[in-house]
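Residue numbering begins at 1 within each chain, and the chains themselves are lettered A, B, C and D in the order written.
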Amino acid sequence: MTITVQFFALLRDRAGVGETKVSLPDGMTVEQAVDRLTAQFPAIVGAVSRIAFAVNREYADGQTILHDGDELALIPPVSGG
Amino acid sequence: MTITVQFFALLRDRAGVGETKVSLPDGMTVEQAVDRLTAQFPAIVGAVSRIAFAVNREYADGQTILHDGDELALIPPVSGG
Amino acid sequence: MEHSVAYSQFDRIELTAADLDIAAALAFVASPLAGGIDLFVGTTRAEQAGDGRELVALDYEAYVEMAIDRLRRLAADARRQWPIVKLAILHRTGRVPVGEPSVAIAVACGHRAEAFAACRWLIDTLKADVPIWKKEIWADGEGTWVHR
Amino acid sequence: MEHSVAYSQFDRIELTAADLDIAAALAFVASPLAGGIDLFVGTTRAEQAGDGRELVALDYEAYVEMAIDRLRRLAADARRQWPIVKLAILHRTGRVPVGEPSVAIAVACGHRAEAFAACRWLIDTLKADVPIWKKEIWADGEGTWVHR
């Protein structure tokens, strides 16, 4: 399957891209996908105190199963307002 | 001594005037002055649930001694805002 | 005496028979030192009496000189309780039709919690303390003073 | 995608790269059914870093589609908690200089207590929940993301 990954704020700066597509084995969880991403973009490791996830613009936990075409966003601590 | 008396809102309607001057013996308290006023303007009696007083635009209690030239206001329950 | 304004560099207090200029109040409290501004606007709400008559307006009367003085003290009291950068209190006199604002309080502080708390305290205390009265004006022309 | 508006008859939700139109937000929430309107405005506050550098602006970035969706849900959640007549939430993207507004939330309710409570809850929850980020821009041109 292929998913789209979105990086924001400091994670975008560290990754060097705001969006990327990655091919992953079917049935992978968010956590497993993030392990692959940290290998591909090592500069994001430790950049922020914690990362939340969103799948298709919904907050999701690490055990969420990904599907082909999903949009996975890595959400650093928010600071709007 | 002569004092100026101010009536507001329903008390003004009931008194039929917004302002009046009354002559009183020196040394009278607010309470004593109000007794005279209720005799002169009986329609204000019982008009509102309670009346507060202000002397020279400061809230004052019934024991406050009045002086010549004072402005005594009868303040019905406020409802601004 | 239908119009009265008192203001220092940091507080604007206004009793007016004209439409409230809320944009001016917000502009007045704006400051580089403010992180949060809270504005409360009280408006005449449509109501129906038990017998079906509609409310058309509220008529506000003030003991103007004392009301201005009390509002200035409310501002000073609020400044003792919260670190306020700027504040504005505007109140109408005269007739305020349904849907129109009768009071506006804007408070600018460094942080939002203080702005909310000070604004809330100011409107609550204004309603309890300041010599201003409203009369309900009903569609049949009858007026009822509110003295609860 | 720098501009996005979603609104129903009763809620106006806007993420915009343009100056916030706060007067329009207040006009939007005005209603004969409203007795109290609370408006919160968050502005970029002047700050100095430990080394004396001055803050000149905040740069806001949003995950636009998700942020709009979260804001709509916040509005719906607020409506479940308080009897809200109308509400508006506006948030900037892009550069917001010191003294300028980055967020405005206006809530109109029948009574003031509800308007204050809902407005406070909305700004607190927005800050904790909605995927928007700010970067501090200092006088020397350096930018620091805020990820506390």
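Keep this in mind: contacts are C-beta pairs under 8 Å (C-beta built on N, C-alpha and C of every residue); 3 or more make two chains touch, one makes a residue touch a chain.
Values in this document were obtained by computation on a predicted structure and should not be read as measured data.
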| item | value |
| --- | --- |
| Most distant chain from chain D, judged by the mean position of its C-alpha atoms | B |
| Centre-to-centre distance between chain D and chain C (centres being mean Cα positions), rounded to whole Å | 24 |
| Chain A and chain C: spacing of chain centres that average the CA atoms, whole Å | 49 |
| Mean-CA-position distance for chain B and chain A (Å) | 73 |
| Multi-partner residues of chain D (each touching 2 or more other chains) | 42, 123 |
| Junction residues of chain B - those touching two or more other chains | none |
| Touch relationships between chains, expressed as pairs | A-D, B-C, C-D |
| Touching residues on chain D, where the partner in the complex is chain C | 22-23, 26, 30-46, 98-99, 110, 112, 115-116, 119-120, 123 |
| Interfacial residue positions of chain B with respect to chain C in the complex | 6, 8-10, 12-13, 48-49, 54, 57, 73, 75-81 |
| Touch list for chain D against partner chain A, complex | 42, 60-63, 65-67, 69, 91, 102-103, 123, 126-135, 145-148 |
